[in-house]
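One chain, chain A, links the two complexes that follow: it is found with chain B in the first and with chain C in the second.
Presenting the complex of A and B:
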């Protein structure tokens, strides 16, 4: 296991794309968060807005970059046939996937911590300028939103790793992951029945998972914050298990 | 003690309706180069993948020192393999490619530099592997196979893409590895590449073994006691046929005789006062032996006339 972990870490570290994608997670998250806050003022009916959700809006773009990085960790090997070398070096295939999951989690936790901290710092003066309520880290809800967003991005990356392991093709995997994330909110908007809307919101990995950012009107949420993140975790674990089962059973 | 290192026994595998392996069985011994030869589609690569635990057979076993590949701890220290030299991420440098492999086996960067030097890649070690020629990638693949200093090597078509100089280098390299006591299994669809390299050949076709013999045995069997006789005499053919030989013209003034030993042919010529300028036992090439064996096994034979 230690050999597999060191090996996957060396692979990730020596892939030139890794550092740029990690920077992109940070930049995309901070930029979209700042733009979202800059574009919201109290005068235009923003007074009732949830400042934590608003200041962390960029997570919705950052997650796509995190997913791409995770997909490429295994999709890049399938694309070149290098997965066969990996599997001759580490024939216990479950160990390979676990090692990949660990190193992906490690770099995504680091990048998303930077992305969330950057978003909160960048949006602080903008919230004040636009007359919106400030975020205080003394407040339990804001801490939950911040820590939860880091966990959210990490779980999305793991979901993407599982999907890519199952479909064995980078482009198809990225399409499938983005589809899975954005399909539920789009469907929820499309249906008119409120009961179905709440149901879809509770079920979707993105809509349920992002409730972790909520600090206001908690009783009106379709699903409680930690429960919502739990729904995403179930998706991620499910995709990893499915990918792992296929990896173990299929010919390489 | 049983010295068998690789034991392939009764492998069967189908891909849909195509039978890839149909009872493939052979063994590989240490200290020699075993050629694994057959036409394209004969099941060579599939067999190697099964040996390396990449593909699962429908039935049968492939064991390395008595264990299935997937049960090996630090497998690269037991078996070195090269299946596809192109199977690497092009943006990673040659040295980093070997480094992650080394780390997976608990080996150090020092070992990486050693094998890079052994393969003659030190000067390009920090260049991106994507820019390498096929010949250089083969060398990098060999360096990877030797990383764990394994007693067994499994190489799929290592001559592919090599220039004549590279082929000569590779032959010497393979012989050196076998001389060090390693078991070397090398596949090729061209028997001529293995001439003067392989000590033993396993010839396969349609997913099963057609011949499993030492090169010496194989050549003797193919020559089949034929004798080449050079003579201008028109009587020679009649005399030889009367003595029980089968005679065929093999060119102007050249007869190919089978069914008679060389000294019998000489005695007959002398007894009948027939002059001849040359008599020799026919020497088969490995290529001829191979063609004879695989004649029925080639899947898509060219249709002539």
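Presenting the complex of A and C:
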């Protein structure tokens, strides 16, 4: 297992795109978050936005970059035929996938921690300038939103890894992942029936998972924050298990 | 060229994944369209709760509710009056619970000639509005501006009937008159109703505008106008047209004759085409096409891979050896995948538009009527949207060559802007994005009509796009052409 982890870490570390993708996760998240807060105005004085959710809006774009990185970890090997060498070196295929998952989680946790911390720091003066409620880290809700967003990005990357393992083709995999993530919010938005809206929000990996960022009106949420993140975790574990089962049974 | 297209078609049709993927795209559009999403309307769930709207003389569904103080007029004749003052009440703001004083911008007080007192019948009216000056309106959809003038200032108005022609005049002092316009009400009977009217429409306003949340609030408004110098003097009867359309109707729809030729009239409602959105009701046929987004992602992924797969396998070298004129290869690829996507879009939209409306109506949802021409445009527009986006994806695939990058870029340019507009962006930013992004072409699916003379928040979320169908399609086409031209240049200059 140690050997497999080490080889996966070496492969990831030495791929030319990795560092750029990790930087892109941070930049995309911080930039969109800052733009979101800067563009928010409130008429009527008392405006009811959730400062944590607003200050972490960038996660919605950052997740796409995190998903690319995870997809390339396995899809890139299928693209070049590298996977045959990998599977010859480590014949226990489940171990390969676990090692990949661990390595991906490690780098994404690091990058998304930087992204979330950067977003919170960058939006602090903007929130004050626009007269929006400030975020205090003494507050349990804000801590949950910050830690939860890091976990959210990591779980999205694991979901992407599972999908890519099952699909074996980077382009198709990233299409499937982005489709899966973005489809539920658009459907929930377009369906005007409230029952269906709540149902779709509870079910979608992105919509349910992002409830972890909520710090206001918790009782009105379709699903409680940690439960929502749990829904995403079920999606991620499900995709990894499906990918793993296919990897073990299929021809390389 | 024919041989090239045939070659590309063979490549497309012999990869089962692509054919199945395209079919799934179509199935997704149909499946989401027939999902029983929207249920009930008019505040009641389930079937049998459909709102019934009156239909105007020109076939549109309309709102027709106002306080009418009138008398019959046989043959030709006229009425003159001065609107001395206009006051009103607006719905409470988001942070208070009392009605606010104020006149809605499209509150109307003036003179009206109508073919009887049934809702939806032909009419012509000259009126003073809350903030849009004097207007001459007839048959619900036609609106002509008179002089603007400061809001709240008194204005003399006159309406004259000569056979089927109605002439409207206005004056500031009652001596010098200017003609606002003349309209023809075809088939107006000998006896019509003529009189004074007041109405004030449903109000909607943005409460806050921010990324991630947009709050709107609103409700019915009312207006009170004092008319004096009403000539000819005679006995007038008051009728509330449209019944109690909202909760203020019972208490506020009334009139009082306070002196010789002086009337104080209070009304609420609107005389205008019916709209969707915050100040309107119901769903549109475009709502059944929400699955287009899912289909679009499928089409984009397959179209991009149609090019990048050749680079991945080295097939591109064979293709370019067989056809050294590289630009043509790109055109053939775009044509094949564009045509397939177009057909998928048209077939899926045709099924959804015909069956989806029925599903919504069976659920009891109110669906705005759309003409056959509009339905056809929406169906063909869905095909064009998918087809041209597929061509854009081909261009991006040829530019970027690497599958993962190309698919991500293609989804981020085509699908993500639409998602952002529909879910997180504030309306002004969203409308701006929908003018420049490829997603502008979603305007080809718009079936509701935006009326300048109906106060409403016309938002993309409710199916109102900032560009016309043609302009939106042109924006997408521009993107596709730019991507294909750039790709052709690079393809010619680069090593395969």
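In this section, the second predicted complex is superposed on the first by the 249 of 252 C-alpha atoms of A that agree within 3 Å, B and C clash if a C-alpha of one lies under 4 Å from a C-alpha of the other, contacts with A are read in each partner's own complex, and residues count from 1 in each chain.
The rule we apply is simple: a residue touches a chain if its C-beta (ideal position, glycine included) is under 8 Å from a C-beta of that chain, and two chains touch if they have at least 3 such contacts.
Just so it is clear, the model here is predicted, and its values are computed rather than measured.
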Which of chain B and chain C A:64 touches, first, second, both or neither: second
Per-residue touch tally on chain A - higher for chain B or for chain C: C
Touching partner for A:39 - first (chain B), second (chain C), both, neither: second
Chain B versus chain C as contact partner of A:175, first or second or both or neither: second
First, second, both or neither for A:88, with chain B first and chain C second: first
First, second, both or neither for A:186, with chain B first and chain C second: second
Intersection of the chain A residues that touch chain B with those that touch chain C: 76
In the complex with chain B, residue positions of chain A that touch it: 2-4, 6-11, 14-17, 76-77, 80-82, 84-92, 251-252
Residue ranges of chain A in contact with chain C within the complex: 35-37, 39-50, 53-54, 57, 60-61, 64, 68, 71-72, 75-76, 79, 169-176, 178-179, 182-183, 185-187, 189-193, 195-196
Chain A-touching residues of chain C, taken from the complex the two chains share: 17, 32, 35, 37-40, 93-95, 206-213, 215, 283, 287, 290, 293-294, 297-298, 300-301, 304-305, 308-309, 312, 403-404, 406-408, 411-412, 415-416, 418-419, 422-424, 426, 429, 461
Chain A-facing residues of chain B, complex: 49, 52-56, 69-70, 72, 74-76, 79, 81, 83-84, 86-93, 96, 99-101, 103-106, 144
